[in-house]
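In the two complexes that follow, chain A is the common piece, with chain B as its partner first and chain C second.
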Partner chain A sequence: MSDRTRRFAQSGGAVLAAAAVLALPLVVTDRYLLKVLTFVGLNVIIVAGMAVLFGYAGQVSLGHAAFTGIGAYTCGFLTARAGWPWMTAVAAAVALSALGGLALALPSLRLRGHYLAMATLGFSVIANIVFVEAKSLTGGNDGLSGIPFASVGPVRLDTPWSNYLLVWGAAVVVVALVSGIVRGRPGRAMAALQGSEMGAMACGVDPVRVKVTAFTLSAGLAGLSGALFASAVGFVSPTSFALETSIILLAMVVLGGTRSVAGPVLAAVALTLLTYIDGLIPGLSKTTVAALQDWKGDIYGVVIVGVMLFVPAGMAGLARAWRRKSRSVTGAGEAA
Partner chain B sequence: MGAAQLLQFTIAGLKNGAIYALIALGFTIVYASTGILNFAQGEFYMLGGMVAVWALRTLGLPLLAAVPAAVLVTVGVGALVERLALRPRRAEAPLVLIIITIGVSMLLQSLARHLFGPNEVALPPFTAGPSITFFGAAIERQTLWVWGLTAVALLVLWVLYTRTKLGLAMRATAVSHDSSRLVGIDTARVVMVTFALAAALGALAGVAVAPLTQTAYDVGARIGLKGFAAAILGGLGGPVAAVAGGLVLGLTESLSAAFISSTYKDAIALVVLLAVIFLKPSGLFGRAGREKV
Partner chain C sequence: MSLLAIRDVTRVFGGLVALDGVSFDVHEGEIFSVIGPNGAGKSTLFNIVSGFDQPTSGSVSFAGREVAGERPHRLVRSGIARTFQNTQLFEELTVFDNVLAGTFPVTRAGVVAAALRLPRARREDRLAREEAHRLLRMVGLDGEADTLAEDLPHGLRRLLEVARALATSPRLMLLDEPAAGLDSAETRELASVLYRVRDAGATMVVVEHDMGLVMEISDSIVVLDRGCKIAEGPPMLIQKDPAVIEAYLGEEAGDDA
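This part shows the complex of A and B:
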């Protein structure tokens, strides 16, 4: 298959997948399952951004749950307490999360090494303290409740179906946007950095600028996911944005693999469904579900270590190796 | 605020600072010999405390045996982590190794919850008795243990690094793995010893402080962060700088809790961390630290 037909087949497949995902509520009528699938979409939005950060810009973040939290609390507070219109509140939520990302990445990325990873860990811990302690803004441990549904003018998205469509509509746009970014100039700049930072600099790529942009983008997308979460669920509390959530998100991108958006997105779908497996397989016994919940941390830990030990490029890397192999086999056939 | 009260806050700061210093030392020696930020460093601290409590309560060991046993078990875990999870990927970019330590950290934390339960626990003090009064401030006996053990650990490290062949090999490995191998140093073994040593330092901090503050399976990340902030403050350079970084961080935290607010005491470490990275990346005592390409 030539590169052009492959590209064509790929975009065709992507359009079909997007259409199938958006048409799913026609088939799925179970409310709980629809809610689970909405959560899957919310994670897809975060992980699409982290795919750029990890797979292309080569940075680790342990703070993306915190950025999601900032988005969720900002949107929740502005719509429920300050009476802002929904659209403006979401825009503010995205802007604030992105700004937080920028403020964190700028000092940490001036240095090489992996100070950013540690700074994001710190950010995650501190953000959680603020979520719990700043009671007048966040409601503390009791959380922030009474957040209104998404609404644009007179249209209120107050059914599970409309919220599913809202979240997945956003997810499709985000994935398309991110795929465009990594295929375009910024993606090539990041690929050059991965090859040789010195060489990339010689070609006029500013490594700090590229990495900071990737981090800010991914923080903003996490904020968007948080804002949509707040309006879809109507309630926000600190436990959703703990460090553990950040590590689970990291497990998703790591498993999904480097230099790919599709890989991490698929891994996000798979690992999120694993968390809500009881909604997926109705006959599952309570003890199995409880055991899975209990061993969640171990599973994610093993996934992270296992992938890094045995397939550091993740599922995407495996797919690339497999494609290369099949191509070289057909190439040999043509030569003979 | 009276002088006695200020002294009390200073003592608390120096107590926490000594703990941060031990964790910072663990970060520093692993970073020196491998270039990895070890995200599992805080878990060694957690394991020290949790294993000691478990040995005391479940195995019924006396405190005197439970404490060294906990340190030894953690040393074993540290060496195993290096051998099984890091050495196979030694040649990869630091990013891969850092992510492995993140995964290991998550795994150790989860396993600790399965083994030791989700509750907060504490050890009895090493020596029972009332606090000692010192110019109107009270010093708990365990605090003296914390300082004493930190001092002993420093002394042992100093002797190891400057007076033994192994220490020489460790210092050589920190300069260059390739050159060290050329002169016959088994760098893989040195890295493993470094991890074991870092685990010992973390576990020591964990057991020393367990009678003073409750510990639980999930304390690793937060204490690891503080230790890292202390290490950065010291410039990720020598052991003395790491200890100084720990004490400075402990004092800063304690005094800001006294004068500003105790709610956000834990936020101080991050503010310090970011401020140092932003303003003086080489740390307070380090040399020019900007990494070359």
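This part shows the complex of A and C:
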């Protein structure tokens, strides 16, 4: 009964949050802030996929920035150089990133242990070298510029506001779809696998298949985010997709917590805003800003290690424990 | 025709022969027990029948089909469910969610159906939840539905694994020491659950050290010792079998009172 009320309240809350996010441009007039918030939405899309991969399927990836890169370059190249329609280019970008994910996951997940994490790390480094060296496709270190805005038929999304809406519209849809996946049968298989691989197999779960699915899905979503990034910013260069970005993304999903979509999404919002804190809080001293920038990678690294050591289930795990505790207290009250 | 036919199954680990040419048949509707001293090869046999291990030689046929070497998740789908000597529960999930996970092979929704919350996925989900509740009632765990598996009292953990295995809708259940660590009241409860499972139509193979329970519930018993089958028959005959007494005397003299 109370479970049902809670779920009802949750979906109500989710709808309200989505409405608020989409209505935000009505009150936000600052272009810079709007741009930062658009980047927040882009990270939400990636992290929603990584929440499935890490929080449910229990796999660590240090390579998701590379999939974002594949999506960004694919969409950028196809629209700017090959003249493809935007929608088709985005679809190709998602497909190619997902395919990259599949190609990486299949062989490494057949092996045991941490091969996938290692493979993603290597992949991330190699992908960045390709982004720099494949100059005819990517523009090398100078990047790929002149990428057109998103357009559907005659409608061109060429204002910060319309791009904000495009990105957050996609983010809302992605979060809704991902929530359906993790609450449904596929999510149950993943949670089982994380609990006990043998137990999951005894429940008919094929571990390789489930993990590969989660990885492919999350790679595809990273690619979608990259494609939207390319058309919103109009320019892509290798630095955006370096290993450091992958580490930041992992920090978001680890901090956000396991077996939750809301946790990682909130962590993505918070940590992305933190990255742009200098522009958002005007009073901050120059030395503080410089120190934050210098230590960014280390801060996120410390977040990952600290959370994994001391609160392995992350913020979502803390919330679950707290809910259990408050419920058992009221439960005891009712019984008395 | 037998439901499960084990023929000349041998399993060698390095230099150790864990199973040595073991053959027997389990018939539909039976409660069949496999007993024997520690290290006799009982769990190895279960691992082979459930696909977690493969025989070095020999054959395992289930419902007339050769299944040796098939992967565990596929065997579950064809109707072989198991529990583990060391329970393999999903500790951080609730009791209810543990059983719900067991419905995986009898449900179908994939990533797309779940993402779009298609009507058939929702209907299937509702039925799976009802089934999980029914099974919790059947094993007497309905009061613990919201408890985390890791917080469940020891004596109830094995019942939870039985309920989870039942959720896969098995024709054959392999129970590896279901009464280990249970007190006598809990063992009685387990026995009545096993009878209910049999009445619901599942065939069971039980590995168990609690001889009282084995003699009470079994229709037929196979005795293994150091990988070899040393006796087979109904409880009455097994209890008197000199080879069996000999094997047990060597191991756990005085434990049988």
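Please note the rule applied: the second predicted complex is superposed on the first by the 335 of 336 C-alpha atoms of A that agree within 3 Å, B and C clash if a C-alpha of one lies under 4 Å from a C-alpha of the other, contacts with A are read in each partner's own complex, and residues count from 1 in each chain.
One rule holds for everything that comes next: a residue touches a chain if its C-beta (ideal position, glycine included) is under 8 Å from a C-beta of that chain, and two chains touch if they have at least 3 such contacts.
Keep in mind it's a predicted model, so treat the numbers as computed, not measured.
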item: First, second, both or neither for A:R185, with chain B first and chain C second; value: second
item: Partner chain(s) touched by A:M308 [first = chain B, second = chain C, both, neither]; value: first
item: Touched partner set for A:L177, first chain B, second chain C, both or neither; value: second
item: Which superposed partner A:M198 touches (first chain B, second chain C, both, neither); value: both
item: Touching partner for A:E133 - first (chain B), second (chain C), both, neither; value: first
item: Of chain C and chain B, partner touching more chain A residues; value: B
item: Partner chain in contact with A:V254 - chain B first, chain C second, else both or neither; value: first
item: Touching partner for A:T213 - first (chain B), second (chain C), both, neither; value: second
item: Partner chain(s) touched by A:P107 [first = chain B, second = chain C, both, neither]; value: first
item: Which superposed partner A:A82 touches (first chain B, second chain C, both, neither); value: neither
item: Residues of chain A at both interfaces, chain B in one complex, chain C in the other; value: 198
item: Touching residues (chain side chain B, partner chain A) in the complex; value: 35, 37, 39, 85, 88-89, 92-96, 98-100, 102-111, 113-114, 221-222, 224-225, 228-229, 232, 263-264, 266-267, 269-270, 273-274, 277-278, 281, 289-291, 293
item: Chain A residues touching chain B - in the complex, by the definition given at the top; value: 58, 60, 62, 104, 107-108, 110-115, 117-119, 121-123, 125-126, 129-130, 133, 197-198, 243-244, 247, 250-251, 254, 294-298, 300-305, 308-309, 312
item: Chain C partner contacts - residues on chain A that touch it in the complex; value: 177-178, 180-181, 183-189, 191-192, 194-196, 198-206, 213, 217, 259, 313, 324, 327
item: Chain C - residues contacting chain A, complex; value: 50, 52, 71-73, 76-77, 81-84, 88-93, 97, 100-102, 104-105, 107-111, 113-117, 121, 124-125, 128, 146, 148, 164-165, 167-168
